[in-house]
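Sharing a structure, written as C-alpha cells. Questions coming.
For clarity, chains are labelled A, B, C and D in written order, and residue numbers in each chain start from 1.
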C-alpha cells in the first residue's frame, strides 16, 4: 500500500477498515451494503445465502414468492394426478377437460393445505401415495414459511434515519463535520456507539483510510436525534483549507451505528456512507424537536432531519 | 448547551445521556419507556414497528386482536362466497337467508383453519379458487401467529420489581441515595449492572445530566434483593443541604439494570426513573428476606420491597 | 455487615456476590439454581415465569402436560357440544349414551386438530360456531406448542459435567484447590471462563465472600477436560492449616462457567457449588483422556471424571 | 508439562489453548471440529446433543430423516389400525389384503397430516381414539419439524472460505506466515477478529502451544478478502531457519475467526487448522479482486483464493 507521507504527515492511516486502497467505486452503498461483487464459485448459487436473501426481500416480493411457489407446487401435483388418471379421484367434474383439470388442481390444493374436504378424494394406490406425499410436503412447506416469517419479523434492525447530507459546520473556535440520525420507530435503543472512517483518494495516490474521532462516540440512550460531531483539528485528515481539500480529493465517510434494542433484545447495526457530493460545506442543522403544547413531552420531528441553514465558516 | 458553572463547580456534566437539556416533561416514564413523541413521517404508520407493537401488547389485547382478525377474515371470505353464489357450495342449509349466510361463514372458517369437514364443499371454478386461496392465507396467518407467540414469550425480559421510592438514607458517616430492586420470578440473573444518571433542572438553567457513582455497580448474581447505593459525597451533585436542593431543583434519576438471564440466554434490560416527588429524605429500607423455618433456605419477601422507616439524617 | 478483621487480615471480602452474609442454608444448589424462595406477591402465580418453567420441565413432564391439555380441551368442548345437543352433529353413533359421548369427543378432537374427516360434522348455528372457535383455538394451541418446542430445544445449555468433589491437592511447592469439568456432548465451546467465589461462615461471624483466583481463568476452547486450579497461597482464604480451617468453618465454593457455544451461537452458562462435605483434602485427579488405538485421535473418558487418588499434602 | 527451555528460550508457551500437550493426532480437523472422541457415559446417546446433531446434518440427510420418520410413523399406525380391525374404518377397499393394508396406511397418513378427506374415517371407540392420538402426534411432529427448520436456517454461520495452504512469504525485511479468507455469501460481517495459535511437537518433547501475533487481529468489515499475516520475528516460534524447523517439528496452526453477522444479528465463529503438510515455504498470494469493467464496483474472485506464486525467501 503506497503511502503519501507528505499529504497527512501527522496521521496514521487505518489499516483495518477491511476495504482495500485499490478497490474501485463507492465502498459502501447509501443503504449500507458493501459495493462488492463475488465471482468464481463453481456453483453460482453458492454466493447467495438463501436465508439472508429471503430476509432482505421487500415484503411484497416475499409474499409474491410464497404465492408463486404455492401455485407452482399445485400445478405440478395436478399434472401428476392427471397423468395417474382422474378415475383415481372421486367426485371430479368430468363435464369438460378444463373442468377436469381445475378440479384436479383444486384437489391438489386441498391436499397441500391439508383442508381435505373430501368431496374429491384419492382412490387406489398411486393417487393415494402421491396425496400422502403432497400433504407431507405441504406441511413442511408451511413449516418453512413459518420459520421465514418469524425470521423476517424478528430480525433485529435499527430503524434509523440518517440526514441526507453531512455538513461542515462552525464548531467551537473552528469547524466540525456533522451528520445526524434518529430512530423513527417505537423501539428503545440504548448504548449506541458510532464508528466513523474516512476513505480519501487523490488522482495520484491510492485510497487511505482514517478513523475520524467524534466528540461523543457513545450515548446512553437514543431517544431524540443524535448529531455526530467530528471536530476538524490537527488530528483530522480534513484539517486545512476544506474547499481545496474537497476539490482535490474523493472522500467517502463510512458511519456505522451499533446499539442495543430492547424489543429484539439484541445488538442492531446500521451503516451508511457520505461521498464528496453529499458533503455540504458551511451549513448547520436546525433543531428537530420541540416541547409538546402541554409541555409534558418532547416531540421529535422526523421530517426536519434534513433541515439545514447556510452559515459562514470562520 | 448553557452551563451553570457556579452550581456544580466540581462536576463534569454527562453529555452522552441521549436526552437533551432542552427537552420537556419527564424524560423516562415510570415503566422505563422514553417520554418522546415522533412526528413528520410521510406515512404515519411508519413510526410503529408493528413487531415491537405486537410484542408490547398485553396478552388479552393480543388474543383479542387475533380473534378479531379471524372473524373479520371469515366475514370477508363469507361475503365473497356469497357473491359468487351459494349454489357453488354443496350442503348449504338454504331454509332462511340467515341460515344460508351463517353456513357460508362456517364453510369459510372450516377452510381458513383447514378443518375442511366436507359437509360443505366448494364446487365449480370460482368458489374452489377462492377456497384454495383462503386455505393458503389461513395457513400463512397461523404461521405468522406462531411466530408472534414465540416472539412474545421468548422475548427476554428482566422481571424486576423496583422500590416505589428512592431514599436519602444515613450511610457511613454521611448519607446516600438508595433504591432497591429484586427479581420476582424463577429466572436466574447473573452479572447484573446498574447505570444511574441524574437529570437536574433549575428554574433558571436547562437540564444538566450527571452520572451517579454507585458503591457496587455490578453484582455477580441477582438472587436476593439489590440495594443500589449512591454515596452523597463531594463527587455527587446532591452534596450539600439536600432539603434545599430538592426544593430548588427538579430532579429525575434514571436507573438502568442490565443482566444476563440464563433461561433466555440473553441480556435483559429494565429501566425506571425517580422524580423529585418519588424521593424520600430521611428514611431507610427494612430487611426484605429472612431464613426459612428450617433454616435450610432464604425467603425473599417481595411485598416488603417498599417497607421503609423514617430516620434522622446526621 | 460485621467484619472479622483478625480472621483474614490480608483479604478484602467480595461485596458483589449477590448473596447476603445473613442468608441461611446452602447458597447455590448442586444443580446451580439459587437456594431462595420468593413470597409476598399478591398473585402467587406471578412468581413463576411460565416460559422459564415450561423450558425447565423434564421432557416427559412437558409431553405429559401437552397430552393432558389436549384431552382436557377435548373433554371441555365435547361437553359443550353435548349440551348444545347431539342432533346438531351429523353421523353420531346414538346406540348408547357412552357411544354418543365418545363420538362427540372424537368430533371435538377432529376439529381441534383440524383433521375434520367429515363423518361427523356440525349442522346448525351453535354447533358450527363452537366448532369454528375450537378449530381456531386448536391451531393457536399448536402454534404455542411449536414455539415451546423450539424454545426448549434451541435453549442454549452448556452440557458440562463437573467432578463430584473438589480436591485439595499438592501443587507446585504448596497446595491448590482443584475441581474439573468436561463438556459431554458434541457441542463446541470456546472462550470458556470460570468465576470462583468462596463463602465462608464461622459459628461466631456471618458469611464472608472471597474471590478465588485461578491459575487459568479462561481457556480458548473446551475440547478436553478442564482442571480449574486455585493455588492456596497468602492471597487465598484457605492459607494456613487446611484441616483446622475446614473443621472450624462452613465453606461453600461457587463455580460459574461461561462459554460460547457455536451450535447455539450463544453464550452458555453453567454453575455448581461445593460445600465443606464435598471437599476432599489430600487427593489428586487421575488422567481422564488417552490416545486412541491408532493414535489418530484423543479419547475423553467421561466416566473417569471422579477418579482420584489419595496423596499426602506436603 | 515438560518444558524444552532451550528450544524457544524467548517465548512463553500458552497454557490456555484447551488442548493438552499429551493429546494425539491432529488437534482440530480441517472443518474446524475438535479431534476428540468421548466415551464412558452410561447412556451412549447422552454424548450427542440431538439438536446439535440435527443442525449439523447435511440438508439431504435431514430431509431424508423426516421422510423416513413420516413413513415409519404411518406404518406403525397402519399396523395398529389393522390390528384393531379394518371394519372400524369406513370406505376401505377390501378387494385384496394388499389394498386393505395400503388403504389403512393412507388413512393413517391422512390423519397424521390432518388432511382428513373423510373417504376413509374411523368408526367406533378404539379406532377413533388412535386417530385422535395420531392427529395430535402428527401436529406435534410438524411443530418440531418447524422448529428444526427454523433452527437450521437461522443458525448463525460465517460462510468463510479459507485458503487451502498457509504460506511462508517474504514480508517487509523478513518473512511472515500468511493465509487468507473471504466471505463467499451475501452476508455482512463486521468487527472480524482472528485468534492464531500454533501447536509445536518434536519427537522428543510434548506439544507446546504459542499465540501467534498478527499484524491486524481485527478488521472493521470483512467485505473483500483478508490476508492474515503473522510476522516471523524474534517473538515468533518460527524464528530461525524455517526449513530446518518444519523438517524437525510437527506444526499445527489453529485459526479462529469471530465476526458479527448483520443478517443473523449474531456473533459467528469459524475455525480451521493448517498442519505442516499444508504449509508452503516460499510463496505468496496473488491478488483475488479486481475492478469491474465500468470501474463502479470491485469484483472478488473466489476461485483465486488459492492462487499463489513461488518466491525466494530473503
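Just so we're on the same page, a contact is a pair of C-beta atoms (placed from the backbone, for glycine too) under 8 Å apart; a residue touches a chain by one contact, two chains touch by 3 or more.
Nothing here was measured: the structure is a model prediction, and the numbers come from that model.
Peer 1: Going by the average position of its CA atoms, which chain sits the greatest distance from chain D?
Peer 2: If we average the C-alpha coordinates per chain, B ends up farthest from chain D.
Peer 1: Any idea what the CA-fit rotation angle from chain C to chain D is, to the nearest 5 degrees?
Peer 2: 90
Peer 1: Would you say A-C or B-C is joined by more C-beta pairs in contact?
Peer 2: The greater number of contacts lies at B-C.
Peer 1: What's the distance between the Cα centroids of chain B and chain C, rounded to whole Å?
Peer 2: 27
Peer 1: How big is the gap, in whole Å, between where the Cα atoms of chain A centre and where those of chain C centre?
Peer 2: 38
Peer 1: Residues of chain B that contact two or more other chains, please.
Peer 2: 110, 114-118, 146, 150, 266
Peer 1: With touch defined as at the start, can you tell me which chain C residues reach chain B in the complex?
Peer 2: Listed in rising order, the residues of chain C that touch chain B are 15-20, 23-27, 33-42, 46-53, 55-56, 90, 110-111, 114-118, 121-125, 128-129, 131-132, 135-136, 138-140, 143-144, 146-147, 150-151, 155-156, 195, 197, 256, 264, 266-269.
Peer 1: Taking the touch rule as given, give the residues of chain C at its contact with chain D in the complex, in rising order.
Peer 2: Listed in rising order, the residues of chain C that touch chain D are 66-67, 70, 74, 93, 99, 102-103, 105-106, 109-110, 113-119, 142, 145-146, 149-150, 153-154, 159, 184-188, 190, 192, 215-216, 218-224, 226, 260, 262-263, 265-266, 289, 291-292, 295-304.
Peer 1: For chain A, which residues count as touching chain C in their complex?
Peer 2: Contacts found on chain A: 114, 116-118, 146.
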